[in-house]
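Two complexes, one shared chain (chain A), two partners (chain B, chain C).
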Partner chain A sequence: MSAPLPLTAPAPRPTMPRWRALLLFDSKYTPLAITIALFVSMTVAGGIVYDGLLQPQIFLNLFVDNAFLLIVAVGMTFVILTGGIDLSVGSVIALTTVVSAVLVEHHGWNPWLVMPLMLLMGAAFGGAMGLLIQRFRLQPFVVTLGGMFLARGISFLISVDSISITNPVYMSIAEARLSLGGGCSLSVGALLSIGVLLAGIWLAHATAFGRSIYALGGSEASARLMGLPVAATQIGVYALSGACSALAGIVYTFYMLSGYSLHAQGLELDAIAAVVVGGTLLTGGSGYLVGTLFGVLILGLIQTIITIDGTLSSWWTKIVIGGLLFLFCLLQRLFAGLRRTRV
Partner chain B sequence: MSARFKQLSGHTLFWPLLTLALLLVANGIFNPGFLALQWREGHLYGNLIDIVNRAAPLILVSIGMTLVIAVRGLDISVGAVLAISATVAAWMIGGALVVDHGVTTAVTRLPMPVAIAGALGVALACGLWNGLLVVRAGMQPIIATLILMVAGRGLAQLIGGGQILTIYYPPYFYLGNGFLLGLPFTLFVVAAIYALTHVALNRTALGLFIRAIGVNPVASRVAGIRARLITIGLYMFCALMAGVAGLIVSSNVKSADANNAGQLLELDAILAVTLGGTLLTGGRFSLAGSVVGALIIQTLTSTIYSVGIPPQVNMVVKAMLVFAVMLLQSAEFRTTVRGWLVRTERRA
Partner chain C sequence: MSDTAILQASGIGKRYAGVAALHDVQLTLRAGEVHALMGQNGAGKSTLIKVLTGVVAPDDGTIALVGEPIAPRSPADAQRLGISTVYQEVNLCPNLSVAENICAGRFARRRWTRTIHWSRVHEEAAAIMRRLDLDIDVTRSLSSYPVAIQQMVAIARAVSVSARVLILDEPTSSLDEDEVRQLFAVMRTLREQGMAILFVTHFLDQVYAICDRITVLRNGGFVGEYRTSELPQAALISAMVGREFALTGTDRQAVPTGEAAPLLTAQGLGRRGGVWPTDLQIRRGEVLGLGGLLGSGRTELARLLFGLDPADAGVIAIDGDERRWRAPAEAIAHGIALCPEERKTEGIVAELSVRENIVLALQARLGLRRYLSRAQQNEIAQRFVELLGIKTASIETPVGLLSGGNQQKVVLARWLVTEPRLLMLDEPTRGIDIAAKQEIMSEILKLARQGMAVLFISAEIDELVRVCDRIAVMRERRKAGELVGGSSEHAVLDLIAGTA
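Up next, the complex of A and B:
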């Protein structure tokens, strides 16, 4: 015997007073808050242990030294938000540095022509992978793995040796610094990365494209039923990531002043780690670019602390990043579990 | 197309074997000496033997990877686990040349069996860690194994103190360089492991269970299969294979390089598995196919070296292979191609 079903709708939950809503912030920001709290506590703890850490220039150097990582991680965040992954980013950086170096140094092309060309190349490369993933329902992991081999292979074919860049335009951009007063300054690459981050935030939260990305990551079937341009969004996201990788490659060229097919090896892992530590769910649909920024800063801070300490060996970077990844993945599972039980 | 050919080409192993055969025949045409085998000083020499010998670590890892992929998993930490196992073995054996009464003898830090057991034990622990993260913590396999992939090389460097560890203990070199009955010893290791796995999969219900989990994990659990236990076990098996591969590699080069041993091995193994006709979506797998896939990859590398093409081409060729295999496996692609064919036929 079953109990009669209630015919009336369940009583609406009492609305929260505004002050409580402000105090108890939305639980969807919890991973982001944890990431920021981790960064702040690492900075404070590091500042107490190491004297030099709290200088403003050290903080700015996090941007200077990780500009390319931040740019790549912004593109990667979009891809991961749709539920995909892009393993080709490091190779595309290498390809960009090699092609730019060859065009500028060996063929005497105008750098101002080469840079937009590189962006186009990156976007086309990413878009082609996106097309394969979307059109033929292939797994992003394997397609971008093929892209990784292809981009690295092409750069090997073009040049095995490192090509140093002596072009005056590249040299002057590499040396240019924006002074912020008090002896602090930012490089062009760092400024570009901050610009990309801001543009990314605008794209994610103020455009139809951004909304489609979140919808696609939440549920592809629902997004399709809502009439959102699923195919165009999915291809667009990979093209965007490809363009970001190419831009990161240009910034990398400023940073290293050389084109080398072995540049940025394993950078895809750092980018994925930054995105995950930044609180973006790998299953897609949930996460923020601000989190990615702090993810990159945390990775940079670990590196900086290990450099300042001087006695810690370089492999501790990998172990600590692995540990952080573990911690954040576990936290994500915990939150996903909590959300499910609440529903 | 005759029905006979259709039946033949429908077999899982048809396309991988055809690819391998074509590669070998092409090699034989361009370089007549390629397929020759020689008996010299009681050992069998030749390119074919060399290919199988060099492919041994990849074959082993591909066997492990096949079973993980069969249950909808993926293990991208195999390269790191290989490095860890190699470093642990190298550290435990260590070895130094001691001059005793004018006779130089190699002395190990720990006895060799202990070192081998230690390295394999550490590999098993790595697999257990991966399996627990996937099954108990419910993480996506790529991410769960990404953790060990990132941290693993760091751990291996920690064990080795950031140095390339050299091994000075000749008996250990037998594993990677020795000959038994005229054939490289690694061949016997690979054959034994393949045979054992084959028997375990086909003479017990394990193979059926693995397919069931791959097709539908929930249904298989409801049906009473201990899906979680089996999945953890398969991750441990995969890591164990990477561990054995680590022993072979470190024995072969008489040292362990925590940074570069097994670099990109995970990608080659996934490529070998897909080449062999195993579906990345789980449920359908072919152990023999993966072995053939690994042999294709090694033959390709050897071909590129023997024909005299610059080795840089290797990566581009591999990329093309990845794309070709994926497209052939995609139902959407086959439908599209069929659509094109029908349209051109109508027009004609």
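Up next, the complex of A and C:
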């Protein structure tokens, strides 16, 4: 270093184009590309084996039957992007269905009042968990596990039995369909889920809140040093997931027309599976909501194929999802390794 | 170069639990100047930076920014006032794009929707990078760029918030020579734009390459402020250590190792993706240097010798008996010890005390049934703290609170306790100051004279030449050759560069 150094800074260095050539395809999109490729190949392969699979309504039914899962998975994606986890979502759905049913059926409340109230309840429940996690530096896993037991327990406390919903507003929403022509249609729940997905994508990529979520997942210490609102973002993400769970609960009541404390058992795990299969890293900071959509569609497609086949046990769904999860975790490790060696 | 003082700190004092970390320290940063802050570990450099950036509040003294007294309460507060800091480890989010990392927290928004105006954000970020003479794609994620560029992005973020003072806290410790040159180019550009830069580093040649002035601290006290041109290197070193100090000529006695029986012989030892098959022989009482550039396979070879990575070719023989390591535990059982390169992540357990860190490896070797009594542990820890001159309040102090050089000594002590026959030191002197470096090196030599074999891995050629009996040089994951100790630095450099 003792040699005299040039006093003017070198112009754009010639090394730059080499990286560009090496990284024509930004590696951050690889997991997303794999998920989409998997869905497409599963659809094509399924379509070849099973005649009925490639009908448009079957495809639309993926949205209709998994609307609540997609809504929950959107909230879960945000939580996982910060490096956290939310195990309470299934129980919050159950709680929402039970409280809605009791308020509407037993107390005669106006459904249009109950629905926003449920959203508030979900957001408050999630926000409270977020506050515990943020304020007292608690593990998200344990806090939301507590939330999961709490919400499930409260719904049992309110009603042990299933309460069927006969309210005309719920009945008509449950039956309403948006016709897309050619005999194809979408339910209100499916439309809501697509709306939530679009809103989520907007939130993630066009707002400062969304970018703070990614920053938080990338490095909490750095986000703090950058002066980003780390605490508000972390609490906000759990509140958002809680609100998504409540909305999923409302959609679930349209779908099942009942409030029952055993509803949506284990759904939190399906949601996590969908997010992971969708290419989001459990360590946070990396992933896309579009990936989550395809994660949900892949889970739905497996179920659809098993239903169409008719001879396969429904447990095959679990086996295939299990296999896929292992595969994606391995892929994630592989990408993480590749990225590290490059830096 | 002007004489306008931008930042003036005077009479700064700070005490931690009654111990003075800083005492009556002055620092003046001027516009358009690069100012070096020098001092050994524990001299008070980090405390002073913490005071300037609002991490801790000083007990005495005042800080003035362009004549106005300030008292930053947090790094964010300091940044608002115009004092930005770039730390040794890049404090950015690797998963976000370069543009986001620069602009996060103050994105350009669209007027009505208040959503992020991405095209403007990208333009702004690119403009800021161009101010540093860097033309890179700001939409790519930060992790797709090398550490040097990441460091520049950190600087770009720091200066983009209308900073007048830029503090660079050891920014060069993980950069190679070329990258340092790039960083210096950026620093020069900023200096021309009138920024006052405080540059903290351990590398003396870098100070002379870029700095206009030097402030020296010693034991928390202010030694002096000098113009670089008026302070020869030897004078700087004696200002730092407080005594006349000989840089060269450690009293290395020629050890007749040629006849000593080899302790460890590796033949064709290699691993795909790690190092190509390599022969290496280490004799008793010998310091074998292992040189080469970063990534030349030095560390990988040590990991193979220690059994951290399984070798897929070649054999290791200890005392003539062939061995195959399935796990480091087997190597340890044969008296081999490895002091890893990444002190923070692989070496120390920051939360544990000095005593616990020192006895860790010995206890692991003895097994849980032969538990060392507290008295024994205290005795061992005390002995090594004294032997290696570890500066710590007590042996119960958590290691994380010690300075870098002292942490390294704790790691060294841990392995010395086990009385290894072969001690492998991977960059033992990286990131620590000269006096600590010198102490560690003379410690190494003393051990070798007592019959221990030492494998000394270092990127610094002068160190290798001074300490080692033989030097093996790695290049592109193979052994490029061997030299006897005392060879000229030029000969080593030729081997490293492949120009011999």
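Basically, the second predicted complex is superposed on the first by the 319 of 343 C-alpha atoms of A that agree within 3 Å, B and C clash if a C-alpha of one lies under 4 Å from a C-alpha of the other, contacts with A are read in each partner's own complex, and residues count from 1 in each chain.
Note that contacts are C-beta pairs under 8 Å (C-beta built on N, C-alpha and C of every residue); 3 or more make two chains touch, one makes a residue touch a chain.
The model shown is predicted, which means the values in this text are computed figures rather than measured ones.
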Have a look at where A:Ala215 lands relative to chain B and chain C in the superposition and call it first, second, both or neither.
second
Just checking: does A:Arg135 make contact with chain B only, chain C only, both, or neither of them? Give me first, second, both or neither.
first
Quick check on the superposed pair: does A:Met226 touch chain B, chain C, both, or neither? Answer first, second, both or neither.
second
Considering only touches as defined above, state whether A:Ser286 meets chain B (first), chain C (second), both or neither.
second
Return the residues of chain A at which the contacts from chain B and from chain C coincide.
none
Using the touch definition from the top, list the residues of chain C that touch chain A in their complex.
75-76, 79, 91-96, 100-101, 104-105, 107, 113, 115-116, 132-137, 140-141, 143-147, 150, 157, 177, 180-182, 184-186, 188-189, 203, 205-206, 208-209
In the complex, the residues of chain A that touch chain C are 1-2, 5-13, 16, 19-20, 23, 26-28, 202, 205-208, 211-212, 214-215, 217-219, 221-223, 225-228, 285-286, 339, 342-343
Show me the residue ranges of chain B that touch chain A in the complex, using the header's touch definition.
74, 133, 137-140, 142-144, 146-155, 157-158, 162, 267, 270, 274, 280, 310, 312-320, 322-323, 326-327, 330-333, 336
Interface with chain B, chain A side, in the complex: residues 85, 132, 135-139, 141-143, 145-150, 152-154, 156-157, 160, 269, 272-273, 276, 282-283, 313-319, 321-323, 325-326, 329-330, 333
